[in-house]
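Below you'll find a set of structures to go through.
What follows is a pair of complexes built around chain A, which joins chain B in one and chain C in the other.
Let's look at the complex of A and B:
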């Protein structure tokens, strides 16, 4: 019989399994386990998973990126505006490049000026939020390009929603980068100990800037997924996702201090939060009750994590 | 090129809204205003037999939203309709879409909702209405939606009238002369934008009132700082208009710190803190209040009617009234259909005894 030890790394697997078991008992009479509802959960959480993957890259080298939500908004807006005049290719490429560049700028400022990423990305969050509001004139930018909507929003390939395909592809890509490529090992080495990584001959600054650029790039992709799903872009998109992201990566077994990232854990962490949100709504909990239950679950998860780490 | 396109798009949206308002006014004449939609006994019996279910997807939470929900729940209960779930999106359009998708899994017969961003929420609403759910909207119309096909009806405030009433309260507070400041909601939000615009337009008719300064806020926590800055730049202001009650709390806080009891505050909606200040003859001079409980009741009734094939009005408008010291208690009852909070009641009684006002006057 196989025993899996409960650690911070495996906590999310147990939490996910236990939550599903509880839901099987409590929500079997509701629509929770219908295919349509489970697909809903997957699609609703797709942009958040992509953002969480981006954050994982930043965390892997010991940075944090608080500007992710604002990058989501600005990249979605830029894509929506460019779509009207230049078509899907230019809109998507420029949007992704913009996200990557903003992330790289965050990283550069941290490395060059020696400012903590918390401060740099907090400043970038403020700047980008104001810039998005200015750029959009506080209006939603509609998206009517059928190709874009199909690719990032409502489309399907052999019956599988495009958002889920994006999700699967990006999770695979991130997992491969972090676990199979040399670059991934470099990220973990830098996150675990900068001096040790430096003595190994790694260019620590460049690796950290690359990690932040990846964080920005994934945030831009999340912006495109949001824009496709909502068929419009808005300055406030992604603004309220930051707390859910941090909760998801913590639940997923990532170290907020760097050096430890688990992409599958992050994926399950986001899904766990999405399932809890969905289950509580279907159970008829009021908004206030939902917030209380989510808070209790988060505290319980952190307690268990800290206990099993001792 | 891009700006021209956006300009054209805005013009089209404004044209559509204009047409909608005109259509709405025509229906209003037929549908009356406050109790604008009623069901006959036979129709109510049919609703009860139908064993309907309902959900609500709100934009955010506040005492105002709670009162709408309460009004709707009471009416649903009276009609034998089960409420399956109530969501609120924290003013996040993406969360509202997720909420709508989740609620769709419950296959409700009726959905009551206020859309945060009608553009992005439109596909989710359409999916529900195509699945047979009767959608009743609050305040914000959805461009391109056809009445009777995509939605059962729209219930809303007379936002222009409320803006005008606020301007009249300002004039009343400062004897129709002096300098005025405005702290407005700087976001794309139909109700507050229209109300603020109507206020500015109506204030222009007073020749001796000068709107000296306008400052926008994004979060209600910013209004205290904005007021402090406003007072430094324009110390001779006699009144400040604020977009809604909760945002006015920061303005009053700032005026108290600056010891400026002479500056009067006028706002929209009712909240206990500001009404206490009004009862104590503080800075809060007046507010314009609508009828959230009645909105909920009407929305529930329209949804029930539509779900049982009763013809429902395109647009139903609820009344509003100006609130000053004299009619606080009556206005509260009209708005929320609940007793006055104990603390407000006792302060009001003490204040009325001190000033010689024995009882409330009519709210209008």
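Let's look at the complex of A and C:
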């Protein structure tokens, strides 16, 4: 039998298994443990997983990115607007570049001015939220491009929903970058010890800006996935995901202070929160109550992971 | 006629000056080190040792003076410039990333990439090759670490020291500057480190040892350069001076500069 030691990295596996078990028993009278519902959770959480991957890149170098939700919204809106006159390629490329650039700007401001990423990205969150509202006039922008909807939303490839394929592809990509490539190792080194990384000749500021750009780029992709699934873009998309995101990465075993991140843990962290959310809805909790529970989970996740780390 | 390898000057510092906010910290430091030589850098607190090491490490730039490595005058304006020139610093705090494994630390910023051209383009790591190379490096230095995949945080002070030194050797350093390497070591680890330094020296690597321990310095080093208030006040062969004389140089009671024979 495989022996799994309880650490910040393995905690999420236990938490996930136990939660699923409890929900399956407690909610046996509901539709919780049905293929349709579980697939639904999977689809609903896939943009959040993509955002959480972005956040993991920021965390790996010791930054936090609070503007992820706002980047999701602005990139979704820009894609939807460009789709109306320029077609899918321009819309997707510009949207992804925009996300990457906003992330890079976040990173640049942190390095150049020496301001903590908490402040820079909080400011960026405020700016982008206002900008998205202004740009959209508080209206949602419909998306009718069938190619876009098929690619990012409702489409399937050999029977597998495209959202699931995106999810699998991006998890694989992020996992590969972080564990197989030199760049990933440099991210961890910078996040764990800036002075050591610097003394080994790594250009710390450049690596940190790249990590923030990746965070923005993944947020933009999440924006496209949201837009594709909802067949429209709204200024408020992504706004309410921040708490779930941070809770998910903490549950997934990522240190909120920088260093090694675990993408599979993050994936399970998001799913765990998705399942809890779904379970709460099925049990008749109101959205206000769900929010309170998410807040408690966030604090509990950080407490528990910091305890088992020691 | 070909010069003997051991007569080659590997590091030459000439007239190095550095001031911070108008305060002179280095006032013209000059010395040189030959290949394979083990030289002590002595000096009381505030003598300018750390500033000198920072200049050599490329972390700060001197206001005046030159640093030559392998007979080339170099502008050491970054840690990587210093490393590329062949100079490695093993810091007091060792500059290891505690969360990374021994292998990951050994190859940080010098990773071995996959042989496949496409994978190499993306910076794909060849973990097997790095593991093998790490074993070889350890064998070459006659050392052993129980688990090369363990995070450095789990190692003892002496083991960390070994990792830092092996990393310097792997980086192809011609000169390794060790900043108080023995301050946190037990007797056994201390003995091992001493033999490691002798081994490196026999392989042609010059060592500059910064230490407060005069006994250690006199048993291990060939020569000592003494700093006092930012001046290099002595450059002496250790077999020609007593510890009392060395202390006198360090305290500034003797200020003439004898030259090593």
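Following the convention adopted for this analysis, the second predicted complex is superposed on the first by the 286 of 310 C-alpha atoms of A that agree within 3 Å, B and C clash if a C-alpha of one lies under 4 Å from a C-alpha of the other, contacts with A are read in each partner's own complex, and residues count from 1 in each chain.
Please note the rule applied: a residue touches a chain if its C-beta (ideal position, glycine included) is under 8 Å from a C-beta of that chain, and two chains touch if they have at least 3 such contacts.
Since we're looking at a predicted model, the values are computed, not measured.
Legend: residue contacts after superposition of the two complexes on their common chain; A:232 is shown touching chain B, with no touch to chain C. Judged by the touch definition given at the top, the superposed model places A:112 against neither chain B nor chain C.
Using the contact criterion defined above for the overlaid structures, shared-chain residue A:240 touches chain B, although it does not reach chain C. Contact with neither chain B nor chain C is seen for A:206 once the two complexes are overlaid on the shared chain.
Measured by the number of chain A residues touched, the leading partner among chain B and chain C is B. Of the two partner chains placed around the shared chain by superposition, chain B is the only one that A:281 touches, whereas chain C remains out of contact. Shared-chain residue A:140: touches chain B; no touch with chain C.
Applying the stated contact rule after C-alpha superposition, one finds that A:189 touches chain C and leaves chain B untouched. Residues of chain C that touch chain A in their complex: 57, 59, 78-80, 83-84, 89, 91, 93, 95-100, 104, 108-109, 111, 113, 122-125. Listed in rising order, the residues of chain A touching chain B in the complex are 30-32, 34, 36-37, 40, 43-44, 47, 81, 84-85, 133, 137-140, 142, 154, 226, 229-232, 234, 236-240, 277-278, 281-282, 284, 286-288.
Listed in rising order, the residues of chain B touching chain A in the complex are 1-2, 5-6, 9-10, 61, 83-88, 90-95, 97-99, 101-107, 117, 119-120, 122-123, 186-188, 218.
By the touch criterion given at the top, residues 180-183, 185-186, 188-189, 192-193, 195-202, 259-260 of chain A touch chain C in their complex.
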